């Protein structure tokens, strides 16, 4: 009962957010000063004659009334048409389709593993004051680091100085993606450093969050009660840990945007062919269709992940369901 | 027969400024089959006293005295021994009973987690008992499968009472359980405690409160604490009807009484504040607020004097130099 | 918290170890940004300028010199000047110490401005939503939550890419415009709890206007929260601006910390091992954010004694 109301509300909220994001995406270029088409045309081929600009405006339907443009935008979106990239000379949707798997390949394991390891380290710090004294500054230092800077240090130390691992691209440049053993090996060795740079920095903020939550939960009334009734240290920790991990799940949703941002910059350091590099190239070359497409994909992915986390959360925290049952 | 015998117990708090003498040489006994009431203002040491029986944690320090529970000194038990007798033999309903249950665990899981740690092996048996008891306190047995967040405050209070007494402890400590409740719920709680006694679920109860009127309804014998010391102890009826110590008298006169209108008899509070327990006076701790203070009160400590059958009070006004 | 005790809180704060550490570190970098240029003869872009008849003419130093290199620069007029490159030079022969100091100035200035914009915006929205309640609250919070879910960096990139000339002020403005939702949420929940307190009811009974109540009764009671939210905005802004600069969308008119890092990547400083080019700016960003973290935990302990661990 409570669960259905919760779901309905979430679907509505995420629906509105989606519409808002798409509208923003459509509106921004139209609000900005200057003419994007002019910039794009002059980028791709010398002087922009007014005829050429007109031609492109017709191609992109920019000469139509605003409401029609808006409608077209939605229609195209549902057909999977995100426009055409002048920089890569290919449809935006296909460029993104090729880039997205690389993002998932480094982001997903980095987020999941850092969440697990960070929570574990943070829980230890929260319980053990001696250990806490040494690790807390370290965690804060980690959490303060810009992802891309740590990535640069890794490239310099592990890649350049020690020469242990490759640090540019997603696989050796002379290979073609296939399911061969050589390719997989090459892919994995190129994957390690980008993954590590995200993974290690992310650990910091998870550990900090968990440490603070554990300290807070261990002082909660229900732990005092368990202790008064002769519960072992282990049982009290078990109960506190379970409750401390719940806000960390919510934290996962809240931090996702930050982590995606970190990944974008990190990919640039490693020249890793994900959305991050696309975004940089698109931004620097005024390839606005590509940029807008990338924005949409990132927003949709983050929204979807958030939605998933919200559903999972309703399952693991009875308080959510209870709050939707009343009334 | 004595369930618990406390002798000259001293429990201090270690603070950066020295020891706070929260419980300073308290003696009493709790008999099998009785409800023993402990009353006093907040900060008189009553909570410290009962908590020291259950669990001593820093900054609480045991500075002397004994607490013999069924022949064993609670003050000398090892951590593990003390952990084992808690819940099975000695249990507590805490002040925060409404929030005592972990909000994200089903009640049956909380109970099973606790029971297993105290040597129970049959989960079904424990759950069956839980459901039975829930019905006994007029809750649905389905409550066992629910999360505490799904219950109302009053239901959580009752559920906590069931959880605390599930393993039939010999001695149950009820620490200010009624303080945060409205009058109707207070009555329910008192009735439940009576019920637990009648059914033999618990053998004795220590009932801690700042509300003397409530003790009248539940306690067989009672003790009044002031600033970490016993002021008066005796059968409830005698203490309430013939209070011997000036403090008890003042406490009682500060209670509104049924049938007497405020206009006719003004309520009297007790002027002044309790003394600092960091550096208490050598003599009687109440002399600063006592309307009858004598010359020797500040310097000489009054001893407990017998004023009736099993009724004692500690005051120089009652004589007792000869004892 | 009463007004009289605020001074006492400040005193407690300065006795808190974590606050001391954070504040000291931050103060160090602020002072460094202010007086750092005194220790180098180079201008903001890392070039040596000579005044020739009212016109300043630049001379470059040696390329990619390591830190603490002494060098003799021959200027336009043939004068020879001995200079010290404290942090070496980059591929164009620009002095990196000078760029770092001026870059730090830019970054701090942008972050300060952005934090101010974000905090003021967040406070306003949070206060209005919390105080007004009802539909205003629903709508504003819906908007806030939407802005929270959309990754702000990507939005920033999108906006910045359309701007051909980017000044620090514009960067600060767009960062501030995307950073406020966190503040709004915190301020709203504070307002909700404050609005039902007695003194607010009293003020209402006394016939004070809503605006007066908000500014004289509600706001002063959450100064600590606002301050802490502002600090978080500041560190978020430093990171956001560094990331934007790093992607190549930084201010076009000035050097900044992220901009130095972007150049380092663009010129393969990693591969060539010119560590003095990319280690210092990143380290400074990290240390500033660490300092802000410590200031915040210190303050939290001051405002909420329960959190103090001995």
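Per-chain numbering from 1; labels A, B and C assigned in written order.
Convention: a residue touches a chain if its C-beta (ideal position, glycine included) is under 8 Å from a C-beta of that chain, and two chains touch if they have at least 3 such contacts.
Computed from a prediction, not measured in an experiment: that's the story for all the values here.
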### Query
What pattern do the touching chains form: line, ring, star, complete or other?
line
### Contact pairs, highest-scoring chain pair
A-C
### Task
Would you mind checking which chain's C-alpha centre is most distant from the centre of chain A?
B
### Query
Rounded to the nearest whole Å, what is the centre-to-centre distance of chain A and chain C, using the mean of the C-alpha atoms as each centre?
23
#### Entry: Averaged-CA centre spacing for the pair chain B and chain A, given as whole angstrom
55
### Task
Provide the list of chain B residues touching at least two other chains, using ranges where the numbers run on.
none
### Query
Can you list the residues on chain A that touch chain B in the complex?
221-222, 224-232, 235, 238-239, 242-243, 246, 317-319, 322, 325
### Task
Could you pull out which chain C residues touch chain A in their complex?
142, 145-146, 148-155, 157-164, 235, 239-240, 242-243, 246-249, 261, 264-265, 270-271, 273, 275, 278-279, 281-283, 285-290, 293-294, 306-307, 309
#### Entry: Complex interface listing, chain B residues touching chain A
54-55, 82-88, 91-92, 94, 96, 99-105, 113-114, 117-118, 147, 149-150, 160, 163-164
#### Entry: chain C partner contacts - residues on chain A that touch it in the complex
13, 16-17, 20-21, 24-25, 28-29, 32-34, 36, 39, 129, 137, 140-141, 143-146, 148-150, 152-153, 155-156, 159-161, 167, 215, 219, 254, 256-258, 260-262, 264-265, 268-269, 279-280, 282-284, 286, 288, 291-292, 294-295, 298-299, 302-303, 306
